[in-house]
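You will see chain A twice below: alongside chain B first, and alongside chain C after that.
== the complex of A and B ==
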């Protein structure tokens, strides 16, 4: 679950981390009132769950309350990347001496939270890590043991920060780490963490993301503290027709599971993929070998023929899709023949030749021999587990590139 | 979603008389089939075309029917 900035600020504030005296509002009049209370230059920020606010004109500076109200009026009407703002955040324009970066992210490889700190804040941490790796401090924290301030101090000190800056930033990073764990976050980021001209530190912007599965046990924070309604799904973008249709097909049949995403995908190779991390691996394998996936998908849990067919049809109906690659890791529960029937049926029902449309079929496992009989009958190229996921993806890419 | 669908692309089922008209067998077939291919009616067994391709080849139906009266045909096998 992704939080709006004003909610992320509140979470930070609840954790005892200093923030500026900001205000969230939904009308220009309220913005004027908050600006009057702040009593100085302000920043008006659009509250949308998407990036690129500054570039799109969703962040403006105001010197007077009247100007703040005028900016709020403009920003409240401004759509950014297909999102209308839920309101604006009115923030004092801070006198910043230096910007820092502090975050805690879930490290899926180490299976532990990872603290990150940089003395180069205000810009993407990925860019800092690439161009100035010595300016990024890192350190894992335990999933169970209490987080000590000394752990945060070590991470900050690794960037060369010393003296009062080190002493002031240490409790902030430690508190961020504690809030990350206590609130089941997968991302807790303060960027920039500002050192003001008077030497104090405040969080000027924050990004928070909570593990979706944890929402049930974080009701106090979500409903009471933040006032988020139970039916607020927080999609970070408007789902496409493809995504909605796949979801509908999945919900209509309890057998197996399918998922489909095409946000950010514009390729010509449709993917019907899955099994034990197979989807991510295969998407990467296609991309790394020059292929252009048209979508991401997950299929598994022994779906029905209708469900496999439904997913494949939705993929094939996407604009620009020339072929599909049907690939999974090794399956034990999902049946190869059932998936084969589903994807071939999808081709036939759309008037396409399965042999021409399915670039590769690589699903080794349960009922593989039966599946191969079906694939043989329709002339679909398939391979067994002796062909790696990487090579199968490579074959699909080569085939579609040969065809284009 | 497309309304265009095809039934029985991969699987066909043949049920001979008089078994097909037996209401008791019809009930039994409806019960054993996990994917709803058989529907019991007053006149016996009705095969649901839209479910044929969901057949999981468990052969419980052919075991329930009198020997040789029910055949599962895999259309992809010559």
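== the complex of A and C ==
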């Protein structure tokens, strides 16, 4: 789950990291009120889950509460990269002496969280790392042992920062590392981390992302502290009808798993394929041989006839789909006959001839002979493991090209 | 010969009374693997296909009378970390974690604990490993008769991020007369116990293995790590790689996950195109088509 800035700041605040006295609101009137309470120049920031806010006009400075309200009104209506804001954040305009960067990310190779710190904050850290590598400090933390302040100190000191700046930034980076671990984050970033003219440090902006698999055990933070609703999934795009329907069919029955995606696919060959790796391989194989997939899908874990049928039906109902290819890498758990039954049922229920509609059936493995009997009966072309995934995909493509 | 397993390897199944675990236990027993016990808390005294069930790993070891080598862990995601650490704490050195959807921080904790105890984790979200006609640890290859069809002993070490593709590729190697020394389904998550590069030294030490085949996907830095390993170690083993999910390089697919949890293209480096470049520059043969693997292996080993 990706968090909005106002939520990320709250997470930072909960971890004991100083933030400015910001306020989140959803109307110009509330923005005015917050600006009045702040009592000085403010920054009005669009709350959207996309980058490039500044460029798009989603961040504006105001000298008076009236101006803050006017900016809020504009920003609340402003779409950025296809996203409408959920509100605005009203923040006191900070007197910044210097901007720093602090973050914690996963290092999959080391299998440990990695702390990053730079004294060149406010800009893209990848750019800093490339152009000024000596201004980026790095250090792994243990997954098991407590995070020591000294570990953060070492990372910061590596960038040449010393004096009171070092002593003020150290607990902030250490706290960020602890919150990363405790809250199952995959990204915890403060950029900029600002040193104000009075010498204090505050987080002026934060980006946080929590691992999806861990949301279940982070309910206290998500629901209680942040007030995020259970159904607020923050999908990066709106799921299509096809995707929603497949998800529903999958959820209706616990046996096996089906998944379907059609975001970015617009072809005429429906794919009823599996499993995880097989689906990736087959989608490539269809495309490389000139085929145009209408969708991506995955079958796995021995689904019921109803599930296989449901997926095939949804694929067949998609606009422009002329035929389906039913293909999987060798199965050991999923039963071939059950998938065969499911896809044939889908054709029949939609008034289509399975022999015409199913371009190819290539699922070798468990209960293969039983599956082949059913396919024979309906005259569906099938093949065994001696026909590679590449060739099976090629046959499907040839058939649909011959047909149209 | 083989890596990690041999005909004498003993193991337990943690979570043995679960539906999938019951099937898996039978499959392993039928493949002549030594499943010497199972653990499900509160189910002591039961049997699963003749395998005695215990409440704790320590009881299983006590019953066996000597140290047990490995454990297949199939408990729900919320309990996996505790189960794995229990096994390692009781001296078990090889863990196959079948469970899916374990949060990354848990996996990382298990791996760090394993490293401290000189234990090795395969997975999570994997089907385990198989030494053809000797032993299989996990659901890899399915029922014994199906596994025998796909896996024959031979010269190729297989490592794959996809369980199903481990068998698909091994089957093609078997059909081509090359066979498999050991095949490992390493798991599809963003953080896993054993990466390609971490398993390479085992294959390197196995005389039987003459070549390596890997199945890769977009996401993560595992392929870059292998390329670095290969460049640094000048291995005697030629590596043939297949990269699936090239379609994910399309701009419209950015930020989406297909197949496994680990397949998400976040930066430039983890795209399929970039990985292929990295692998090739380290002298690894990357085939375009899945069916080109056996011929590419033959060419590399000169047979």
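Everything below uses one rule, namely that the second predicted complex is superposed on the first by the 236 of 404 C-alpha atoms of A that agree within 3 Å, B and C clash if a C-alpha of one lies under 4 Å from a C-alpha of the other, contacts with A are read in each partner's own complex, and residues count from 1 in each chain.
Criterion: a residue touches a chain if its C-beta (ideal position, glycine included) is under 8 Å from a C-beta of that chain, and two chains touch if they have at least 3 such contacts.
Fair warning: this is a prediction, and the values are worked out from it, not measured in the lab.
Enquirer: Looking at the overlay, does A:170 come into contact with chain B only (first), chain C only (second), both, or neither?
Expert: A:170 contacts neither chain B nor chain C.
Enquirer: Check whether A:391 is in contact with chain B, with chain C, with both or with neither, and answer first, second, both or neither.
Expert: A:391: touches chain C, not chain B.
Enquirer: In the superposed arrangement, does A:357 touch chain B (first), chain C (second), both or neither?
Expert: neither
Enquirer: For A:46, is the partner it touches chain B (first), chain C (second), both, or none of the two (neither)?
Expert: A:46 contacts neither chain B nor chain C.
Enquirer: Once the shared chain is lined up, is A:159 touching chain B (first), chain C (second), both, or neither of them?
Expert: neither
Enquirer: Touch test for A:181: chain B only (first), chain C only (second), both, or neither?
Expert: Once the two structures are laid over each other on A, A:181 reaches chain C alone.
Enquirer: Touch check for A:106: first (chain B), second (chain C), both, or neither?
Expert: second
Enquirer: Quick one: name whichever of chain B and chain C touches more residues of chain A.
Expert: For chain A, the partner with the higher number of touched residues is C.
Enquirer: So in the superposed three-chain picture, is A:277 touching just chain B, just chain C, both, or none of them (first/second/both/neither)?
Expert: second
Enquirer: Show which residues of chain C lie in contact with chain A when the two form their complex.
Expert: 77-78, 101-105, 107-109, 111-113, 127, 139-143, 146-147, 150, 160-165, 167-168, 171-172, 175, 188, 190-191, 195, 215, 217, 220-222, 225, 242, 244-248, 250, 252-253, 255-256, 258-261, 263, 288-291
Enquirer: Which positions of chain B touch chain A when the two form their complex?
Expert: 1-2, 4-6, 9-10, 35, 53-54, 56-57, 74, 76-77
Enquirer: If you look only at chain A, which of its residues touch chain B in the complex?
Expert: These residues of chain A touch chain B: 245, 248-249, 304-306, 310, 313-314, 317, 335, 337-338, 341, 344-345, 348-350, 370, 373-374, 376-378.
Enquirer: In the complex, go through chain A and note every residue touching chain C.
Expert: Residues in contact with chain C: 106, 108-109, 111-113, 142-144, 181, 184, 186, 211, 213-214, 216-217, 236, 261, 263-264, 274-281, 283-285, 287-288, 296, 298, 300, 328-333, 365-366, 385-386, 388-391.
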